[in-house]
Amino acid sequence: MSEFQRPIRLGMVGGGNDAFIGAVHRIAARIDGQFDLVAGALSSTPTKAQASGDALGLAPDRTYDDFKSMAIREARLKDGIEAVAIVTPNYVHMAAAREFLKRGIHVICDKPLTSTMTDARKMAQAVEKSDALFVLTHNYTGYPLIRQAREMVAAGDLGNIRVVQVEYPQDWLTEPEDNKQADWRTDPARSGAGGSTGDIGTHAFNLACFVTGLTPESLCADIQSFVEGRQVDDNAHVMLRFQEGARGMLWCSQVAPGNENGLKLRVYGTKGGIEWEQENPNVMRHTEFGEPTRLLTRAGAGGVGQLEHLVRTPGGHPEGYLEGFANIYLEAATCIRDKQAGRYTEDDSVLPGLKEGLMGMRFIDACVRSSARDAAWISLT
Amino acid sequence: MSEFQRPIRLGMVGGGNDAFIGAVHRIAARIDGQFDLVAGALSSTPTKAQASGDALGLAPDRTYDDFKSMAIREARLKDGIEAVAIVTPNYVHMAAAREFLKRGIHVICDKPLTSTMTDARKMAQAVEKSDALFVLTHNYTGYPLIRQAREMVAAGDLGNIRVVQVEYPQDWLTEPEDNKQADWRTDPARSGAGGSTGDIGTHAFNLACFVTGLTPESLCADIQSFVEGRQVDDNAHVMLRFQEGARGMLWCSQVAPGNENGLKLRVYGTKGGIEWEQENPNVMRHTEFGEPTRLLTRAGAGGVGQLEHLVRTPGGHPEGYLEGFANIYLEAATCIRDKQAGRYTEDDSVLPGLKEGLMGMRFIDACVRSSARDAAWISLT
Amino acid sequence: MSEFQRPIRLGMVGGGNDAFIGAVHRIAARIDGQFDLVAGALSSTPTKAQASGDALGLAPDRTYDDFKSMAIREARLKDGIEAVAIVTPNYVHMAAAREFLKRGIHVICDKPLTSTMTDARKMAQAVEKSDALFVLTHNYTGYPLIRQAREMVAAGDLGNIRVVQVEYPQDWLTEPEDNKQADWRTDPARSGAGGSTGDIGTHAFNLACFVTGLTPESLCADIQSFVEGRQVDDNAHVMLRFQEGARGMLWCSQVAPGNENGLKLRVYGTKGGIEWEQENPNVMRHTEFGEPTRLLTRAGAGGVGQLEHLVRTPGGHPEGYLEGFANIYLEAATCIRDKQAGRYTEDDSVLPGLKEGLMGMRFIDACVRSSARDAAWISLT
Amino acid sequence: MSEFQRPIRLGMVGGGNDAFIGAVHRIAARIDGQFDLVAGALSSTPTKAQASGDALGLAPDRTYDDFKSMAIREARLKDGIEAVAIVTPNYVHMAAAREFLKRGIHVICDKPLTSTMTDARKMAQAVEKSDALFVLTHNYTGYPLIRQAREMVAAGDLGNIRVVQVEYPQDWLTEPEDNKQADWRTDPARSGAGGSTGDIGTHAFNLACFVTGLTPESLCADIQSFVEGRQVDDNAHVMLRFQEGARGMLWCSQVAPGNENGLKLRVYGTKGGIEWEQENPNVMRHTEFGEPTRLLTRAGAGGVGQLEHLVRTPGGHPEGYLEGFANIYLEAATCIRDKQAGRYTEDDSVLPGLKEGLMGMRFIDACVRSSARDAAWISLT
């Protein structure tokens, strides 16, 4: 990993004190020294925005009460931010992103794309009109072994893909929610129509597509709100069809006691299979049909392709969630610099962006609509 | 485990040389000394039947060319068989079982019940008319930790069940079949309409019902025959609904490279969850919501109920597939002796039998019909 | 696995009601149909001997009050026992085995060989003078993957062996004992000078030698009796040197909470390493240096050599402790038949016997003496 | 985790381009925003020192050719460094640290303390004379679950400790070395008398002491250099005695194929046991004797004490090696600020420092001397 470049000036929208994902973005941006956080509209509550800016050591005049003022002023500053991380509840994503995109400020946005399909379409317009980069932090795609899995599938190591099993069980919403994290995530007005489907199902769906390179064709879903009074789904069973003929299943749940963050992907083809679990992300099982299963390790023997830039420590020195997340920021930094240098083309990057975000929105929407129609198949194309 | 009783005289239909499941039944019958194999119609090919009888040390006059002759003569013998194990391909189950049932000989029959729904109805009539016992070897219900799971659910340890995830991946049919085991299992005339659904899906479905005690309401399925030219399914994705409100997913596959015999059950309720995998059956994860996961071990700390009779070795001395299978035979022996002593009532036993067999047939049939109707919901009641 | 042969007539010394290991031997003898238990001196208490014989269905006239009467009478019977299993506390092994050996009855004896070195020498004489077979049930050598490990080492797959790590932690004696199993095992008069070293350390030591084929040269040991008042060791730390230059460590403990029966062997050579744990014996890790670790499974891909006769079920259908134990009996049956047919030579078998038993006794003795001399090196040759 | 404070100005000695541990220290210092790297003497080769400084964005006038010039000038600067990280080969530690310590600059030094006992004593004097903080990066003590283990032992959850098993196998030196990392680590002049004992054995030994709080009394060791021509040990077998009566074993190896970085600690007491492995550091097994084993997870249920400041992500979002390392830096930052504010007392911190460093040096020395005397016991007090 090189450590050569001037850090990119970064702003943040959302992520005030006690927001979980904001702190994660800040660490991910900082870990490789590629970004300097210099401005923020950290909360929609002005006093909290100010206090949060202080806590992060932001200059008072770069701590803003709202994202629009921030976008306007930063765009004018000589040393204004070059990129912004948007880490608000979903319903704010579009409005915030739009302000920065239209001023040419690169956007790194938390997933899912937006809270509604309408917003998603507006976001698409904003991204398409802008020359700035738009990155969606489907952070699990940043794990080195996930990259290796993708390369192995692309290289044909698994043959033609037949079956894709992806799941993402958690248990933190097993009982009625009573904290800030749960609060907005279970409010359709702020989170969107999907509960577990939006918060974690989109990750699972994205990961399956990212690794397999398959094109989702349709899905049928049976979603539930098991906890009484909950307005969004907390469990979803989904069957998937891909255009290439593969079939899949997706399960996401926030009411599965004993599961902290159990994202797991399994892919099977005519020639072999792979299995990977996020909670121990430094190892991946690979079986060539008829041969013993091999344990591929991050940075260990059996690696493929050009992944060195995504690895900070040798095998056996585990990297985790934050390093995977940081890989998204690391590659975003490279893209931003390429953009600034006029040498960026979209093919250079596998970073999730608008396309993946729209697909995620279609996924949520299809789950909700399919379930409302007793698990009818809904097209994803 | 007691070792007190005179062994029960057992016959066998099917299970000639190189049949896999016949040898398993014989070991399961022998391991606890509760049965003596004394007669057999081991193959539909007379020379092979004779050679197989010789190999097993059966008396020549108790080695039969066909099951009907065997049933007739053994029923008349003073020391004729008291029970018979039927381990033929599925399409023979009904005709064979009927001959013994109507002569009062207890039947231990391999699953699934039959190859067709018509046969299943005939089997039901034969069982209902007979006073003899009918046991279906859903052997995975014999694992001690599966019994413990069932008792824990029944005792309310998991609260109200919400989600049931069961899967059964294998890989041995990843490529076109070329052996005897695969041969009849992929021939609808001998195996029935279901491929993976019949051979392993029924096990998975039965296990989910056995442990949870839930009543299946309906399912929708998307089944596939991935290997070209295969006439039955080799992969099935199924969504389940239970009358009590729980939802479930079932995946079975014979084309998932890296999976030898990966039956796995996970059950989640309002108060906790359990997870168990057949390939390492001596441990079960149990999480009371909000508490650390506990590893319950066979015969170890944390056991519940009256399971001692199903355990031969202390914790840490692993028991496996054959011991689980043997537990079915062990309990069948108890039931047979209770029958003989006139003290048997159906409530005394949790052994799978006709009811479970019919439910399994409905499962296969519903999977095939649902899939033919683009994954429409099919009632299981 | 063939099922052809007339069962061998077996007697048993020890193993009365509620003895753990006696029941294990009986199942191991029965599981493959190679032995018929027909006589026994099951307890040193006559009423219990009789009750135990009844419970096992032995003929009253073949239930003996003591092993000597049994040996004398059975040797004279036309259909007398051909082999005897000795499953008493250690201090009885020699006297019992001698009576049978001198009458040409094959002996299958539980480990360790005897309780004292003096007895061990007498046992050696008795075995050497007899033409009968003497098998010591170091049952862990019967696991198929242990056989595979041995073959891999012998074939040079691991290169020259450098390091051998073997351990055998249990926790059942963490607190002062209060049951029959613990009773004699912690009494030096009945068990011998070694506690954990004799009961489980000998297994660990034997397994390390069995797999590596190395010749133990010397050891130094630090043994402890952690539980107050205990007269034998309940924990032992041992360093090993082998003549070929390899070094090893052995740890056995009965006071390690959380360990049920944690026998584990790891072997490392110039070209690769293997790791195997008894509690999940159906998988073994193998790493060729510089390559990803492979998971070799019992009866799965990556198998070597001629092990089919030791495997009853396909991969993924776990076999366990009893099947491993049964493999010792299965091979003993073959040896006995070869003996009877005059075609037996010692090289035909890898079964542990006198030589391994004597080495185990030297191991116990060396541990005790080394520890008494502050962990001085004691020769094992 | 708070993010409030002005970053501490940090310098670095060693850690030029392609040094492994230097990059790790920089990430660990950066991840929580507590340090700013502003000066460096990054290589003993001036051109490389300069190039490395450039690569890291250091100001040219704060990129030094040698640590002494750096210490002198930085001590005089108004905004000079407040702390320095020393990440050179071992033989440079003392001389470098001394220059900073005597100028009141806090030192964060890689382990082991020095390369020789003579240097260790000089280091002790330098530390004792200085008012500056001296932290030794035994980074594995920074893992949250290791802290929890320490607290559990201290709280008596395990009862009186009896047995400590610690091991640290790697495989990267299985064959003759041919890279920079291996180069100095296998040269006694630069690394010290210990090979594996110094590089990884000291970590294992430190971790055992850190968690148990026991006082090492003596050890006996059998160390080896398996690879021909290697001048330092690459495998060590060690038996440990603690003053409180506990016994232990330590194994470290760099020639164990299949092990990347297998640090593992197991501690057993009268009331329970714990087991933890570095390669999957987010889970720890805990068994209260007689109860099922519990899986304690980082930031999950079952946590104890005040560890929140060492945790950045919720349970199931794995943290790894870098976060554990960063925890050392995070606490060092707190200590430095406390020092600067005049409120620091040694009892406030569990950070490893001089005492642990000296104990590690005694460990290496005792291993080498014990082995030279055929594994005689050597006092550690």
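A, B, C and D are the chain letters, set down in written order, and residue numbers restart from 1 in every chain.
Here is the rule we go by: a residue touches a chain if its C-beta (ideal position, glycine included) is under 8 Å from a C-beta of that chain, and two chains touch if they have at least 3 such contacts.
Remember, predicted model here, so these are calculated numbers, not experimental data.
Enquirer: Looking at CA centres, what chain is most distant from chain D?
Expert: Most remote chain from chain D, centroid-wise, comes out as B.
Enquirer: Counting in whole Å, what is the centre-to-centre distance of chain B and chain D, each centre being its mean C-alpha position?
Expert: 55
Enquirer: Please report how many Å separate the Cα centroid of chain A from that of chain B, as a whole number.
Expert: Distance between chain centres: 43 Å.
Enquirer: In whole angstrom, what separates the CA-based centres of chain A and chain D?
Expert: 34
Enquirer: Pull out every residue in chain A that's touching 2 or more other chains.
Expert: Residues 259, 285-286, 293, 297, 300.
Enquirer: Which of line, ring, star, complete and other names the graph you get from chains that touch?
Expert: Its topology is that of a complete graph.
Enquirer: List the residues on chain D that touch chain C in their complex, please.
Expert: For chain D paired with chain C, touching residues are 162-163, 165, 167, 171, 174-175, 220, 222, 224, 226, 235, 237, 239, 241, 247-249, 251, 253, 255-259, 266, 268-275, 285-289, 293, 374-375, 377.
Enquirer: Name, in rising order, each residue of chain B that touches chain C in their complex.
Expert: Chain B reaches chain C through residues 1-6, 20, 23-24, 26-27, 30-33, 54-57, 170, 259-262, 278-282, 297, 300, 312-323.
Enquirer: Write out the stretch or stretches of chain D touching chain B in their complex.
Expert: The contact residues of chain D facing chain B are 286, 290-297, 300-302.
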